[in-house]
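Right after this note come the structures.
Two complexes follow with subunit A in common, the first pairing it with subunit B and the second with subunit C.
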Partner chain A sequence: MSVDRRKVAVFGAAFVLRLLLIGLFPSLPDLLTGRVEVSTPVNSFKRLQEGLFLYTRNVSPYDGGVFHQAPLLLPLFALLPDVRSSPLPTAIFYFLVDLVNAHALSTISESGQSIQGKLHSAVRKHIRWDGVSVAAWFLFNPFTIATCLARSTSVFTTSGILFAVSNAVGGNNVNAMLALGFASYLSLYPALLFIPLILLCYDQRTQNPLPNVAVFVAQQGAILLASVSGLLGLSYLITGNFWEFMSATYGFHLLVPDLTPNVGLWWYFFIEMFDSFREFFLGVFWLHLASYVGGMTVRLRRQPLFIITSLLGVFAIFKPYPSISDASLFFALLPLYRHLFPLMRYTFVAISVLLYSTLLGPAFYHLWIYAGSGNANFFYAITLVWSLGLSILLADSIFAALRDEWEQAHPEAQGVEVKQV
Partner chain B sequence: MTGKNGDHESPRVSTPSNANANVKRIPPPESPAAVQTRFKVIAAFWAVIIFLGFPIWWKTTSVYRAHIPFQEMVDWADGKTCRPVFPLEIHLATPAMQSPEAQHLLRTTQHTLDDLNEFATHHLRLKLTNDSDTPTTQDDENSQGNASNAEKEAADTALTVRLLPQEDLAAPRSELHADTTQLDVFYPPSQTPVSSSSNPPLSAFIAGELQQLYAEEKATIAHILSSHAVGLDSPSPQVAGSISRRWRRSMQYAEIYHLSFSLFTPGPAPSAWDIEAAVDEYLSPLLRAFAPISNFTVDTQVQLYATFSPTATLPEYDETEAAWTLKKEGLSAFVNAAEWPLNPSIGNGPTINFILYIPDPSQSPLVVKENRASSWIIPQWGGVFLLNPPLSQTDSSGDRVNPAHLPLETLRPAFMTFSHQLLTLLGTPSTPVSLPLRLQTLIRVRAATLLLSASSTMGSLARLTESLPSIPIPATVSASVSATLSRLAATCSHLRAGRFGAALANARVAEKEAERSFFEKSMVGQVYFPDEHKVAVYLPLLGPIGVPLVIGLIKELKRVVASWKAQRRPT
Partner chain C sequence: MTVLSLLTLPLLALALTLWSSPVLASDYHEQLFLQPLPQSSLLASFNFRGNTSQQSFEHQHFRYFPRALGQIIQHAHTRELHLRFTTGRWDAQSWGPRPWNGGKEGGTGVELWAWIDAPGDEEAFSKWVSLTQSLSGLFCASLNFVDSTRTTRPVVSFEPAGDHTAASQLHFLHGTLPGEVVCTENLTPFLKLLPCKGKAGISTLFDGHKLFDASWQSMSVDVRPVCPRKETNMIPRPVRNEDLVCDTSKPYNSEETCYPLEKTTETAWSLNEIFGRTINGVCPLAGSDGASEPTVCLRTPHERGVLAAEGAIETKKGDGFTRCYNLAPSQPFDLLIPEQPVHTQVPLDEPILHAERTIVGHGQERGGMRIIFGNPSNASAVDFIYFETLPWFLRPYIHTLRATITGRDGMRREVAASEIIKETFYRPAIDRERGTQLELALSVPAASTVTLTYDFEKAILRYTEYPPDANRGFNVAPAVIRILDPAQRAPLYLRSTSLLLPLPTPDFSMPYNVIILTSTVIALAFGTIFNIMVRRVVSLDEAAALGAQTLKGRLLGKVVALRDRFKGKGTKVE
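Presenting the complex of A and B:
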């Protein structure tokens, strides 16, 4: 197998860039680790350290209510040298995870699934980026770099999702389900990607006759369940108390007890909510998040990969503890749809809004928390703007995908200006 | 959502008058597949709402109201369920009398008593004890202990009357033991009742004595009952006035009181006192006697260099008295509430403060001007005692100074006073002289007040939960309510049987449970939550989500209806 020079160059450059950043600014990782935009209660490296400290001293890592991440991360990080005395091995481990994610992304891109699926073929096939460029977009995205330097454990969820997708487009549905099981085990919400991923796998089936849909779904569901329960079983072996870790991790995801500010929409809302309505609105918010799966799957049935992309965008906006790592995953998959960019109408607005909130967010947070000259509304307003920016981008890309489908059905109408009535 | 409605945008139909647009641009027709897809999308969203959303809404916003017996609670509050009665059992010991004579005396005395008594709720029942040396009978603590063992079914003995013949007496006289529940009646042997006399003078005397002994208790109970229930005639206004004055002075009943003893002095000495020994010696027996009524904790502190507040009237030297005096009207400002660290509360339960003030040697001795008193009570707060210890001349400059240490003996008068103040603050009646009798009275009075207050709490709770159908009733409240009601019933039956110790024990639990159910936190959270607030809660979020969903549904239904009609027309 010939080594792709461009790929080596991009991956090497990304690696060196990260090394340079921590070499030149040794305090940068710790600074980023403490930022609320990057570290949420469910992916914070600091909290992982706390859990690790307890774990290595044979105390239940969930004692104290600080650590809420999956137990299997603990033995993994226990293998790495102590991050206080030697941060470099941990940092390099995270760099490698990033490179692996980028590789998975380039695999997805190379498959061409985003342009030419079984049921759909894009109109503007010639406008596209190759795998290395897509990987480069991911690797040099500042959000990705910040997530990586902050050593947020979301990168493992990202890996799980990207590997699930890359295996699915490669036709390896067992591995896809195993990877999705891993991602769901870590963060719960990727389980919502099950249906579109099934569609993606199903469309890759080439054997004749096609397998029965119900049997196929049942098979894949069984694999997913087996992988999740295997991981849960391992976790049980590690922690020894099943319900304690279930309630500390998944209970925490579902019930959202920690309202530390983050870039999402939940924390402020639940601070303000009357206690007696809290459970109801938890239900509403989760259902809101989940309800997109059905509608999008039906509407975009012909482009399962695009369903996954747009669902990841929805998650980045509406999940309970979002961080910029979720946005970076959405941004990583968007370049696969380079051919849709000409159809998008509000790219400038969306990018401006995102830049605006990226720059003002930390400033407003500083005004609120450190300077004391602002209040919570400052930061909340900017997170609303951030979510608005992501929503515009998401809605615009979905519009572009639908327009693409429509143009395919009506070739005569290509390039016609459309107006909303 | 966005994707759903943004799929088939139709170009705007240009008006025919527009010269440039000579081609009439109409949207291409929707393919049946697209229509079907849209139907499925809308169905997918509505399926989530109907199958997941509504159950969650129903489950999380339904108000859990555990069953509580409204009518029973209201009945208790209205006094319909229980009419508290206080039958006091009094033993008559007649060691020197023959049985028929004693029986006759008992009957006539009981008869006289019943004639004298116009307050039926509280009555005295005489009983003959054959055992002539019933030891000075159960003192108060014993009768409490007995309530739990074999003697459970028997009524508490309120008083033992011993009839002792004595020569050289012209008329009967009585003597009440100060530390037991025994009344000795001495009578001239000549007055030994004979069966023939219908109204022997001895029985009249005994009845009169007993009536007098329980006069204050009777008035107090009548006052309490009349203030709660209508229909009972209240005692005479002047008696009622003295009773209510006493009640105003005493603390509210509490399960636990915190006693705080503080030594304040304006100088550096004394800096130590034998407080532990003093509490053990002078106070503990009293607190033990109070055990069936309330529990106590004791805290102490020493505060040196404690100055008067700037607004207080300073002591003046009175030549005639040869003492420093405080004016009576200035006593209310004596306690420097701003600067003296007197905790308003230690834990839950009220604090009773006792202040021992040692004046500066230059102002010693210090007394109250009008009556040379050295102590006073502060209603519902505590008591103050001015202690003027003997001064010693150990200072280098020859000035007289306070002793550095207050021994047990010096503290004795102070603690005697504090004990009295404590009794007053806890609402103990002032008569009769026997302390066990006064405590028994207090037990009955407290049982009555707790019974009434727990009952009225139940009534309030029932009315509250009935008038606010939107507040939840947690299961704990329901459990507390049923515990309260059963304890109240037990209290009532114990009262009827004359077992006042057991009645108070039950009433205490009832009161505690009643308070707990009334002040349940999760209930008060929604006491004021009208329906228009719910609109404000639901609309801001569900409105924006709901409008496109509902409009999508309506459009889709219209289309389905239209196509259904179109299908029917050709046939």
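Presenting the complex of A and C:
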């Protein structure tokens, strides 16, 4: 009972904190909506408003260069009252989505999947945070709060991914695939999580004998395809022009025509890229992003949830339009691996680099865009540092996971100095 | 007085008219209309009008119609063409309404619109491209840069001025080049289109040095088909008595009298002083059809003394302000207006609408557009159509469109945009394909000022898409306002000034550096992660044992052994 009371307290405090922030600083949501670190062309709330405006006036929002988000968001937001006259209902809707995400996260944590899987059992089981602490870590992360207040639509993708994982660890693979379908429908890249999620679902199967792997994958793939095509069918009913919205949403994700600055590595690279090599490097970048799926799936097969966590870290660094909401999702799943923290070697460096770039990023952006005393290289350099910091953290956590696996196999070698050969 | 203090404001207007009736013969007229304006300014309006019958046009039998232009028009299946070259800004506050109701001017830079006969949209566009390419060569202007991103198809803002047969499938296209600098090289091809080529007639006054010193200058070419009907007189109608602007502040003001605003003397000027040369007779081809229209008209009070060159015949019009001169052939003509006190002023009309458009906000990330419409009339509302094209890298957020009304009392109040905007036609931009097209049907209530604002975001471009002078900013084409006044037969046009939009710029000097640095970060991440994943974890003791078996380990072992042997020998010797 006491755990429930703690959970209520954490969730209530997170809700009140958000409410207080918009109550004390009414201009904060609009300010955050305009920040390039939070809002990218594919999740900006302002662009959603523009699309909604055109949609409610029967103009196709996809026949233009502004709106690139999934069509089903339009009728959803058309139900909410106008943001300009009454911002509170929309804000509260976003707060609730955040709380629901936190609940999914605490479910994942309480399943203990990160510590004790079917093929793996962590050595330091006693070092762990319970579900409420993990949820609190997510809810009080400034990145999460900023994303929530900026009303970025990537919180729905976050929900899709977290629900897919929480259903998968609960053994409910149909719901997991449906949720993954929803997330993929919203922003395409979660489709890359299909293979690790299949592994996670497969490891939860307890019936004897185990289902055939090929049949199982085909079944789950069919569910995912059915959910995506169902959503696309609904979108077609809404927009009436299939290829127009497909090219304006997924084509936009794939071809990266909008080079608005963000925290990722793509924008400045493709601004400065020579025209004849643009397509080639687009292919290389996407291939690079997808290459991690295969490598991690093979090497970390025994810890499917850790594959998902690491892949979310990879996406936060290397996806075409990353924002701090992607980083916040990675940071949300990382505390599930609290038992790996003692094994990590560069936590201080990684955290310092991330803090450094978090503080200097907005400052350098201001110098470039507003003060005119710096140029684009200032902000570009900070995005490089940010990506470097995240990749140090990611690589370090993968190292810790591998060392944990090794210690499990060699219980006598706990705590000795190790080396990789 | 000197020339310096007198600003010349020449307006050049060439109206070439095609007659579709085969009965009427070709003719050509030219006329110079001069009007001194307040603040020592002079409006000089040069009008050239050539007519040709439809039949001889189709058979390429050109007499007064310039052959170069005619062939371009025929090749591009253009039924009606309007081309404008404009520089400077018309100050409506001091100079009154625009000449010819704004119908003979364009936005800053070059503006082109045409009705093209084509079976479909794509064919029309390909003909439009060939039209712009040819006109670009003919007028030495960058019209070939009017591509799909700068071409729009406004729905309600423009109407054909000529008579078109219902059978033809007309497509309307409109393009602007706000950054084009209009200069002498555009004037020379224009002169070549005239039958007398600047050798005789009023076009002898064209001196590039003088003309382009003007505060405002507009050059227009209009080609339109007309059915034979009574030609409307090109001379502006006099101002009716009830429209005269009187100084009503005087206590002795009454309805019978009209007291003009006081001014002691008016400055002296002459054509020679302003244009640097005199008119070299009349163009012998003008008025060849027998109708002799006066060549030079001057709008100044009749009481003002004007000295004209010998041989010219002066006729004073009944309106009390206009006098016209029929020039003697092949004799230089000059007008001399001495300095003298004047008691009457040519009244200037109040413009129907004031319009102003500016970019607000700071920073290179986003901004706002503010458009101010002022209705000076106390009685009636003004209905008009506001049309603007925006380049694709300016992304407007139409949902942020707001309207405020300021009355004469200075009170601002925000109103729903739908209260002011009757109709909206909006076509959003697509990146690198087409620009935004926005047409609004608005109504501004009497004696009030309406301010429209909306937010926009500035896109950042690929570095090859920036011009060499990227930090100068990008030109945004002027907005066109078409006033719907039922009293006026011809439409009234108004244009805002063009805008300069600064965009965020990348560092142009380091494409290689960026490619290298980004690739390094990616390689670091990829290398570290895959390095960790493909290697085995071993303890340090095991690592040492394993290390001894590798080639490097064995080599190291040999070196150590060798060193030990040397050391061992040394101890023996001691």
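Operating definition for what follows: the second predicted complex is superposed on the first by the 415 of 421 C-alpha atoms of A that agree within 3 Å, B and C clash if a C-alpha of one lies under 4 Å from a C-alpha of the other, contacts with A are read in each partner's own complex, and residues count from 1 in each chain.
Keep this in mind: contacts are C-beta pairs under 8 Å (C-beta built on N, C-alpha and C of every residue); 3 or more make two chains touch, one makes a residue touch a chain.
None of the values given here were measured: they were computed from a predicted structure.
Partners subunit B and subunit C, once the complexes are superposed on subunit A, run into each other and clash.
Judged by the touch definition given at the top, the superposed model places A:A290 against subunit B, while subunit C stays out of reach. By the touch criterion defined above, A:S276 reaches subunit B but does not reach subunit C.
In the superposition on chain A, contact is made by A:V66 with subunit C only, not with subunit B. Counting residues of subunit A touched by each partner, subunit B versus subunit C, the larger count belongs to C. By the touch criterion stated above, A:N375 is placed in contact with subunit C alone, subunit B being left untouched.
Shared-chain residue A:G34: touches subunit C; no touch with subunit B. Taking chain A as the common frame, subunit C overlaps subunit B at a single listed stretch, which among 168-176, 240-248, 258-266 or 276-284 is 276-284. Residues 269, 273-275, 288, 291, 295-296, 299-300, 394-395, 398-399, 402, 406, 410, 413, 416-421 of subunit A touch subunit B in one complex and subunit C in the other. By the touch rule above, subunit B contacts subunit A in their complex via residues 1-4, 6-12, 28, 31, 37, 40-41, 44-45, 47-49, 52-53, 56-57, 59-61, 525-526, 529, 537, 541-542, 545. Partner subunit C is touched in their complex by these residues of subunit A: 34, 36, 46, 49-50, 52-54, 59, 63-66, 257-261, 265, 267-275, 288, 291-292, 295-296, 299-300, 317-318, 368-370, 375-377, 380, 384, 387-388, 391-392, 394-395, 398-399, 402-403, 405-406, 410, 413, 416-421. For subunit C in complex with subunit A, the touching residues are 362-366, 392, 395, 397-399, 426-432, 457, 459-464, 504-507, 510-511, 514-515, 517-518, 521-522, 524-526, 528-541, 543, 546-547. Contact residues on subunit A toward subunit B in their complex (touch as defined above): 269, 273-277, 279-284, 287-288, 290-291, 294-301, 310, 394-395, 398-399, 401-402, 406, 409-410, 413, 416-421.
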